[in-house]
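Heads up, the next two complexes both have chain A, just with different partners, chain B and then chain C.
Presenting the complex of A and B:
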């Protein structure tokens, strides 16, 4: 309880810092992307943290959601109605990526998800008539019944709403029979199978939910960035989402907010600090990346996660 | 209440009293974001740690050098030019955040040379919506200059345009019968392909074979073997520096002495420095000559020395590009008058008369109907370990 109070307090301080230090509109834009990334990272928490399945290609589910959203909106569907379908595209991707789980386990299965991400990226690049290929795809702004979400504050509020909804859904799923089967499979797959748990079904379920929430995040991302191209969803994104989940606590649904704060807002905070520092060396190429890397290592060491 | 406290209170009161006065007496300062009494803020979203950092760093250095020179000469109507650099590392998410920072916190008057197509495409709408100038982005995407927008300007020749001219020129020069293409599997490669096809079509030819590679791939042996099997007598390379070296070296290793032509992305001193003798004879397209110290004019030699003294590194074509872009900015800012805003700056740029410079840059021309400053390139070849220009700017 004490830990939670400290976390809420720290979160509020972070929020105030974001809004006042970064500037209101800039801080809200940061928050918007922070919530969107947290939503994408929630998928990793479900698949890796709760179902115990190594996933190295989560970015592919975000990509499927983003492209599905962009293409559906381009056909004239309203963005709000397209969002569930974008989540569906992510979920379908999750189911497809989980199919090798029937035969593979551990790191080998993780490698198959990695290959799945490569396949999706390649597909987006090759299917030019649909995706625009390497030239990319422009995406219209988000609107609900004619009301365009143009202000960063409106966008952040909408992303937060979806994030909270997704966390509530995940919490509910974790308490269900399927959710308990994920935990059983995570702890000991053979023992779970001996107790009658269908491990393959459990894994497919985890990937469908994890892929779905990441796909939903992709749907939002498409509107916030407004331009999609295959390289945005490369392995770098998948690894960022992994880092996000680990930093926030791989089994904590709410932890994704902390992970996203580190992955999204920290580099910007470093950029602002750099502006205040004297000397040319702070302007050197890679300075922010170096400080970011050091900060992430420090956070991992200080957190000392349970074994 | 003692005297000290009274004084403090009076000071605070005086400050508050002065606030409305300040607002009344300095209306022009608030007119254009990023333009204050002392400075003009220019934003630059670069790639200093991503896949094209090799290009981003000298580009930034060239920009800084020219702005500092202008500042040393009194600035623009007394205002210093301050370049705020953000590293987006070719990542559109970081680009968007950096752009918002530059718009809202630094209140950048203009954005110059945003680097990388995904970053440019994600950030350009934000910049234009905020009413800021979007100048000379480092991206071949035609959206950077079409449709015409009062605030967006581009001066990098599109690959398609100059490669069409270069392919046509090469065919008439060497009477090649079987032209082939090795291209990077992205928008860059696609655009070069369109240009080469267009150029060949005008002389009644077509591509005999084409093969692609994924960005970053350095083993191009199978691609080269495939082109060799197609019996090509000219291979156009839509490659960047390392891939150019890999492709030419591999062809020579296989004993294939075919003529090759690389785009401006492979026109770099690093190409012959990395490849050495194997790269001799490689043709390339130059949209801006490399600043070699040997044979340089006195003015260029002085510039090279100043650059080296400042950065402890030799300048390259990207440094020159940064410098010339900043120079265009300075000239347009001067022409825009003592109280510039985005509108007057854009009109000044449209009416700027083309100038020759010490580098041999193409004459950049903008007009009210056309915001693309250059469409042409020159043919060059590596001879005796350096690029030598073979033609004037090709139409």
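Presenting the complex of A and C:
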């Protein structure tokens, strides 16, 4: 409880700093992005943290949600009604990606989710008549019954609402029989099976929820960014989401906020560093990649469980 | 007929590069149980390092390549020594993430060299064509195949006949037993990373005449995954053969199947290989038992 109070305090201080330092509109826009990333990362927390399944292709579920949302809205469906379907697309992708779990475990299963993500990316790139291919797809702004969410504050509030809803749903699911079967499978799959837990069903369920939550985040992301292209959802996003989950604590639902804060703040921090550091090197395109890689290494080493 | 021969040859050449990258995956995985996600970046950085040593420092091609191979072997060993060694007995996923991060750092270093991000380059070898009867064959592809075969033979001899090679194999089979026999396991693991890094760099140099040198040439490493899995993630020869088979299948798919299938095919193969032959084609009868290595 003490830790939580400190965390909330630190979060509020950072929030105030963000809004005053960078200006309200910019700060709120970043906050909106943060909530959306946190929602996407929640899927990893469910699949990896609670069900214990290695997932190397979470970005694909976000991509499926984002493209489903963009295409549905383009046919004239109102964005609010399209969102559940975007979540459905992510969940469907999750179920498909989880099917090899019946035969594979551990790293081998992780590789199959990786192959799934590469296939989804290739499909988005090649199915040009539907997705626009590498040229990408424009997405309209979000609106509810004629009320357009154009202000950053409105968008952030809406994202936060969905994030809180998703966290509540996940908490409920974790307390259910299915959620407890995830814990059993994570701790010892053979023992769980011996106790009558259907491990395959547990894994499919975890991927359906985790994929659905990430798909919902994709649906929001499509509107906030207003432009989709396959490379936004590549390997890097999948690994960003893993790092996000690790930083906040891989089993803590609320921890995704801290992870998302890192993922969103990192490019900003790099831009700031650029102006402070001497030398031409920091201006080069590679500097951002280098710092991102170093952050990944640092998070892994700092957040590794005690041996 | 002649076009089929050309397609097969180009497939075999690309396949040999897949095979070398798969070999580097398997070498590291067998010796250290780490699935390395930085082989592609090592490959790309190796090709760029050879380019820089050749054109920047003015070294002849062979010493330049040697320097690049040593540089990448050094980078991989340094990464093992400084970071990966801290993840012993931790979930396998953490090591995957760490190698990904190290790969990003390497990529960042290369990309901050002005000109690396915008342009494609070539290494000056294998630009000619060889005429046999009516068939025109690019010498680059013949070079690549010959070099890959030579490398495979050298590696096989190293693992079979040298003390160091035997010790490395012993470590991969059973680290505890190898320790009891006086083999220093940590040194062998560093050696495996060095060999894996050097092999990836060589694969990059060999890929250069086939696809130029550019920042995204490392993406080819994802296509080497199915080759490694088909070889069972444990057999060095299997990885090389898997790569060769993949290159040929891909080339034929480009010839016979509609456009676009060629690029998705390796990933489909990876899924099928994992599902049907999780222990590699060599032990297909055991496929039902499922692998138990790794685990998170």
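Note that in this section the second predicted complex is superposed on the first by the 268 of 307 C-alpha atoms of A that agree within 3 Å, B and C clash if a C-alpha of one lies under 4 Å from a C-alpha of the other, contacts with A are read in each partner's own complex, and residues count from 1 in each chain.
Convention: a contact is a pair of C-beta atoms (placed from the backbone, for glycine too) under 8 Å apart; a residue touches a chain by one contact, two chains touch by 3 or more.
Note that the structure is predicted; figures quoted are calculated from it, not measured.
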item	value
Partner chain in contact with A:100 - chain B first, chain C second, else both or neither	second
First (chain B), second (chain C), both or neither touched by A:175	neither
Chain B versus chain C as contact partner of A:54, first or second or both or neither	second
Contacts of A:289 with chain B and chain C, given as first, second, both or neither	both
Touching partner for A:26 - first (chain B), second (chain C), both, neither	first
Chain B versus chain C as contact partner of A:108, first or second or both or neither	second
First, second, both or neither for A:271, with chain B first and chain C second	first
Comparing the two partners chain B and chain C, which touches a greater set of residues in chain A	C
Chain B versus chain C as contact partner of A:133, first or second or both or neither	first
Doubly contacted residues of chain A, that is, touched by chain B and again by chain C	285-286, 288-289
Complex interface listing, chain A residues touching chain B	22-23, 25-26, 29-30, 33, 125, 133-136, 138, 152, 224-227, 229, 231-232, 236, 264, 267-268, 271-272, 275, 283, 285-286, 288-289
Contact set on chain C toward chain A in their complex	35, 83, 86-94, 96-98, 100-114, 116-117, 222, 225, 229, 260, 263-264, 267-268, 270-271, 274-275, 278, 290-296
Residue ranges of chain B in contact with chain A within the complex	48-49, 53, 56-57, 84-87, 89-94, 96-98, 100-101, 103-105, 117-118, 121-122, 125, 141, 143, 185-190
Interface residues, chain A side, partner chain C - complex	48, 52-54, 56, 100, 103-108, 110-112, 114-116, 118-119, 122-123, 126, 235, 239, 242-243, 246, 281, 284-297, 300-301, 304-305, 307
